[in-house]
Structures are given as structure tokens and as C-alpha cells.
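In the two assemblies presented below, chain A is common to both, partnered first by chain B and then by chain C.
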Partner chain A sequence: MNTLRVIWVLFEKDFREELRRKENVASSLLFALLSLVLFAFALDPTRVNLNETGGGLLWLVILFAGSLFMGGSFRKETENGTLQALLLSPTDRSAIYAGKFLLNLLFLLVLEALLIFFAFVLLDFRPGPGLPALAGSWCAVTFGYAAVGTLLSALLAQVRGGAVLYPILLFPLMVPLVIAAATLTERALSPRFSWTDPWLRLVLLFDILFFTASLFLFEYAVEE
Partner chain B sequence: MDALPLLAAQGLWKRFGALPVLKGLDLALYPGELTLLLGPNGAGKTTLTRLLSTLARPSRGTLRYRGEPLGEKGRLGLRSELGYLSHQSFLYGHLTAEENLRFFGRLYGVKDLERRVEELLRQVGLQEARRRPASTFSRGMQQRLALARVLLPDPPFLLLDEPYAGLDPEGSRTLTNLLTTLKDRRRAILLVTHEVEDCLPATDRVAILAGGRIAWESPAAGLTAQAVKERYFEVTGEGRVR
Partner chain C sequence: MEKRTGTVLWILAAAANAVALALVFLYAPVEVQMGAVQKIFYYHVPSAIVCYVLLFLAFLFSVLYLWREEPLYDHLAYAAAEVGWVFITAVLVTGPVWGRSAWGKWWVWEPRLTSFLVLWLTYSAYFLLRLFSRGEGRTAKIAAVLAIVAFFDVPIVHKAISWWGSIVHPKKVVLEPPMRLTFLVSLVAVFLLGAALAFTRTRLGLLEAQKAEREGWA
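On to the complex of A and B.
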């Protein structure tokens, strides 16, 4: 069975399961929405221009809400020992990682789309003509975030207290990406944006490095 | 019995930190033979099944699969020919019985999957419950569905850790008959259980694991359940087999 087919089978199973389980999706989306509502109360839109300062703010929400979803992606596989069942299947183990990564990536992208919409409604966040640049740079940052988040979820799935450790280990690793995301958001919404921006190149390098490393490291992360 | 074992462990050691659980264990599993493995709690039965299933690596010693030392390629080959029933169900609670089987069937590349799923659900008596989520099943039903999952790719090698757990007397009889059928079809089976009386009719060889080694081993022919229990008590000093 080829690797791409295994990735699709795993992705499909996880997608179906998340729709029925609901708790991961609901907690993450609700957290993101509530954070935005609180920001709307806390920030005075007449004094704060979200197009200039909002990138960092929105990315903190994505970071926290995303970690709620991704942290559970391998932890739920330990409930009935299904992680062992996956590891026992005659498949390339990196395909298991890739299947989970794909679902996490999809979820984060949906979360971001919703976040932009609600930030527009609640916080007067107006990407305007900068939307393609914003979408492109956020996709690049999200790819790296999902790559690291998925690997860390696998690494901590069988560790006692893994749920607590997950954000503690994940957030420091995300510092370069958050700085890049905030800077790129600000530039995407101004005429200064360029597709060859050094920050964007840095993010792409981060993506390639961490995704490739994660594919190789996954087997060691889940082995006893 | 075949001259070449399907899987053989030679001088197998497994340590957790400084604590050795297995201490130079030797065991050979042959096609068409059911080996019953007994042992007290903490003797290392589950550790042994994890080593034999490639879920863990030995600290020392050799595993041979079809006569070849188990390398990376061999591990993948072994996984494709292995059915492992653990004390955990390995089932997705939010998926229905048939969705669980379909998922694992696709993962293993099972041919004619729908027919196979149908056949196994009938065999384990879960046809009526096929569209119910596995989380709504009783322990016994989950065990039967787990057994169907294990048998789905029709593996030549079966590792069954406490398969009788949660089964009612009717389910236990069905399982023993199923094991006999599988043996007749040349499957190599390692059965870890305390239910000696239930499984002895299908057993070819009995082994007792104690002190990190196979402390006693004998062909099952001519052995009664009572004789096995007495020998178990002599070897382990415990009487916890039924």
C-alpha cells in the first residue's frame, strides 16, 4: 500500500473522528472566539490600529487555540491503545505523522480564516488589498507551526503530564515563527510587502527544516 | 511440526533501567502450533509480547523471523504478517464497529474488504451492532470486535494477550473453536492467558514464564488442566490460573 494512500486513510479517519468527538474542535474554536471578544472589550479601536499591531495579537490567539487542538492529536490515540495499533500496521511510520500533520494543518487554516472574519467584525481588522499577501504568509507560518506541533504531540502522547508539558515545550520553539508572523502580517497589510521578504524566506526555511526532520524523527518519538 | 520456526527468540533480555524483566529467554513459535504462555503478574508476559510484536526492542538477544535475524526490513515484514490482540482494545470509540474494521482493513490493504468485514462481523456475532459506536459496547463485545480486527488481514502469526478477558462462556467456547480452526490453517499462535481450562483443548505446547525465563515447557498432549495448574504452582509458587 503506497504511503500517500495510507496518509489519506489516516486523515479521513481522524477527520471523521474529530467531527464526532467535537471536544477538541469546539474547545479550540470557542477559545479563539472568546479571546477576540475579550480583545474587543479591552482595546479601544479609536486608539489602537489593529492593522499595525494586530499581527502579534492574532497570532497569540492562533498559538493558544491551535495548541489546544494539536496537543490532543496523538494523546487521543492512547485512550484505547490505538497508537500501538497504528505502529503495528505494516506502513511507513512517517505516513502516520503526515496524516496527523495534514489534519492539524487543515484545522489551523480554518481557524485562521474564521479568526480573520471575526477580527473584521469585532475589531475592525481590514486586510483589504493585502489579503493575498496575508494569506500566503500565514499559510507558510501555519505549515511550520503544524509540523512542530504534531511532532511534539507524538513525543508527549505517552508521557505522564504530557498535556501540561505540551504548551511549555511548544511555545518557546514557536518564538521565531511568532516574530516572523507578526512582522509579516504588518508588512502584508502595508505596501512594503514583498514575496522575497527575508522573514518569509526564514519561515520557509523553518518549514522545510522542521517538516523534514519531523518525518525522520517521528519513529523515534513514538518508540519505547 | 515444521523444522523452521516462524519466530524464534534466542537469549532475549529486556531491561527497564537497571531492572531486568527478561533474562535470556528462549522461545520458538511454529506454524500450525498454539503455544500457551502462563506466568504470574509482573513476570514479563506483556513485555515479551511487545518485543515479539516489534513494539519494543530487546536490550540483548536475537529475534529471528522466518529464519532471518530481525532487521529493519524484517520488522516491517513481521508487522504485515502479525495479528496482535492486547488487553487494550485498539478500537476507536467514536467509530462504529464496521468503520473500525474498514479503517484497519484499508491500513493493511485487505483485498475484497467489504466481504471480509461482513464475514468477520458474522463470525464474532456483531452483525446487529455493526452501526453502533465501539464506545457503547460491553467489554465482551469490544473483545469480540478486537478479535475481528486482529483476524482481518488473515495473519500467519497471532499474538493474543488475554483474549478470554470479558468473554461469556459462549464467547469463550467460540474463541477456542476459532483458535482450533486457525491452527488447522497453519497459523502460529502465542496465547497469553490464565484461563487454562478454556484454551487447553486447542493448545499444543504449554510454557511457564518465571524469573525472566521460560521456567517450564511441555507438549500439551496428555496434560490435564489440573496437571498444568499443579505444575504452575510448583514453578511460580502461585495458584492464579483457572
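On to the complex of A and C.
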């Protein structure tokens, strides 16, 4: 089997598993909705204009709910004793990373689509004509988040207290992406968005750097 | 890792710091606008420089550890990160004191100070990881991967925060000759202090590992 085929098989296996178990997907999505509602109570949407400050807020929700989902992506393999089997399979280790990465990316994108919908209904969030710009820049940010998130999940899968450690390790590394996401959202909703925005370029640099580094470092992260 | 080397380093560091402190308080002129508070500069800036050097060393030794799997590299990386963290803390403690007299506030979300705060959070997480996974075989590898990822993040964090923030550290500081001399001596003193701390910390790590091995729980 060539590597792409292996990645696809691994992705499909996890995809099917998540659909059947439902608990990870459901709890993360529900947590996202819950945080959005709590933010509404904390900020009072009748006074705060979410179209100006919404990007950062929504990204906090994505960060929290996303870490809940991604943190478990390797832990479940350790718990079921299937990590060994995965590692023993005669394939390039980075294919295992890529498969998990794809699933996490897909989950985050679904989560974001739902969040935009809920923010639209509940908090008067109106992307309007800026939606393509918003979608494009969020995809770029999400790519980087999933890249680092998947690597750290593998790193912490066999560490005692890994679930507690995961967000503490992940969030400081995400600072550039959070600032970029907040700024890019604000710009996407205004007419002055450009696809050559320096923030977008910084995010792409982050994506390339960390995806490549993760492919390479993954082997060390899971090695026995 | 001879004990004597450590002793020599410590004596040098103590002497250099004594000279540096004497110069700071007795020789360097009092700055016109900020007054005596400006003297923080002589330890604030060297701490920041030494911290960058140590974090780079932590990255370097982590790469070497993954490559060669020599336990010594792991101890060196751990020590460099830990002492680096101490210097980040020093920068974060002296920064607000400076800010209070320069900007009238203890904390402003100023780019360089803010990126040091993020740096502090990142490396605190690194120690938390070391604490949680203490005594587990794979700790060293996991920590090494994290140190590498964290190091790649540093320049991006810095870039992002400097775009995001508005107030900026002066790009270039022009120092009067006596001030420059004092600054250079302080820089050497802080470097030696960092070296002595890192050396002792590495030695401690090696001794701990030896003890663990002898008692058979490693």
C-alpha cells in the first residue's frame, strides 16, 4: 500500500469509530455550545457587538472544545492497547500522524461551521459578504491548530495526567494563532480584507513549519 | 562534570556580580528622566539575553538527545531550560518595576514584555510535563520534542505580539560610556551566574540519576 492509501485507511477507521462511539464528538460539540451560551451571559450580547470582537471569542470556544476532542485522539489508542498495533504496522510512522491530523482537522472545521451558525442565531453574528474571507482565514488557522494539537496528543498519550496537561501545553503555543484568528476575523468582516494580509502569511508560515516539524517529530513522540 | 569546575564557576560568578553591583550603584550615573529605577536596566536586559541563550541551548541539547540518545544531553537540556525559566522570571519581575516608572503602570501589554509572559507560560508547561511524567522512561523524549516545538514557536510568538501591540521598546539604546561599561560588566556577571546555575543543575540531575540507578527504581 502506498502512503496515501494508508493515511486514508487510518482516517476512515477513526472516522467510523468516532461516528459509532459518538461520545467524543457529542461531548466536544455540546461543550462548545455551552461555552458560547456562557460567554453570552458573561458579556451581555445586547451591549457587546460580536461583529467587532467576535473572532477572538469564537476562537476561544474553538480552542477549548477542540482541545477536548483532539486531546483524546491518541489516548483512546493507548487505553485500548491499539497503539502498539498501529506502531507495529509496516508503514511510515508519519502516515499515522497524518491520518489522525486529517480527522482532527475535519472535526474542527465542522465545529467551526456549527459555531458560526449558532453565533448567527444566538449572538447576531453577521459575516455577510465577508464569509469567504472568514472561511479561508479560519481554514488556515485551523490547519496549524490541528497540526500542533495532533502532535501533542501523541506526546501526552502515555503520560500520567495527560488529559490535564494537554491544554496547558497546547495553549501557550497557540498564542500567535489566536491573535491572528481574532485580527483576521475582524478584517474579514470589514471591506479592508486582503488575501495577502501579513497575518495570513504568518499563519501560513506557522502551518508549514509546524506540520513539517510534526511529521518529523512524531516518530520520537510515540517511540517505545 | 567535576565538582571543582562548579566551584570555580561560582567564585567567578560571585566576583563578577560583586563588581557589577558596585559599578551599578557607585559608578554609573543616575539617569535624568527615570532616576534610580533605571538601574534595573543593568540586570533586566542581560537576564533577557542570557535567557534567550539558555533556551537556545535547551533546544540544541534536545535535538542532540533525540539524535544520539545520550542521557547527558537530556540533563543538559533540562538544566538549560530550568535556568532559562529562572531568568524569564527575573525579566518578568523587573519589567513591571521598570514599567511603573516609564509608563506609569505596572503592566502594559507591551510586545516584548508580553512575549516573555507567553514564554514563561510555555516553559512552565514544560516543567509541569517533567513533574507529571517523573520516573517514566519516555519522559526525556517527550520533553525533548516539546522543547523543540516550543523553540520554533518563540520567534512566531514574538512577531505576532509585536504586530498586535502598539507601544514598543526602544529599537536602539544609546548609552553614555560609563553606562555602557557598567552594562557590559553586568552582562558578563549575569552570563557567569547563568553558567554556574546551569552547571550545578546539570550535575544535580546526573547525581539524582545515579542515585536512582543505585537504588534500583529507575
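Definition applied: the second predicted complex is superposed on the first by the 222 of 224 C-alpha atoms of A that agree within 3 Å, B and C clash if a C-alpha of one lies under 4 Å from a C-alpha of the other, contacts with A are read in each partner's own complex, and residues count from 1 in each chain.
By definition in this document, contacts are C-beta pairs under 8 Å (C-beta built on N, C-alpha and C of every residue); 3 or more make two chains touch, one makes a residue touch a chain.
Note that the coordinates shown come from a computational prediction; the quantities given were computed from them, not determined experimentally.
Of the two partner chains placed by superposition, only chain B is touched by A:17; chain C is not. With both structures placed on the common chain, the touch criterion links A:122 to neither chain B nor chain C. Applying the stated contact rule after C-alpha superposition, one finds that A:146 touches neither chain B nor chain C.
Contact comparison for chain A: of chain B and chain C, C touches the greater number of residues. Once the two complexes are laid over each other on the shared chain, residue contacts for A:9 go to chain B alone; chain C is not touched. In the superposition on chain A, A:84 contacts chain B only, with no contact to chain C.
After overlaying the two complexes on the shared chain, residue contacts for A:159 are found with chain C alone; chain B is out of touch. For the contact definition in use here, the residues of chain A common to its chain B contact set and its chain C contact set are 223-224. By the touch rule above, chain C contacts chain A in their complex via residues 66, 118, 121-122, 125-126, 128-129, 132-133, 136, 138-139, 141-142, 144-146, 148-150, 152-153, 156-157, 159-161, 163-164. Put simply, chain B touches chain A in their complex at residues 50, 53-57, 76-77, 79-80, 82, 84, 86, 88-95, 99, 103-104, 106-109, 133, 149. Here chain A touches chain C in the complex through residues 148, 151-152, 155-156, 158-162, 164-165, 168-169, 171-173, 175-176, 179-180, 183, 198-199, 202, 205-206, 209-210, 213, 217, 220-221, 223-224, going by the rule given at the top. Of all residues in chain A, those touching chain B in their complex are 1, 6, 9-10, 13, 16-17, 20-21, 79-82, 84-91, 223-224.
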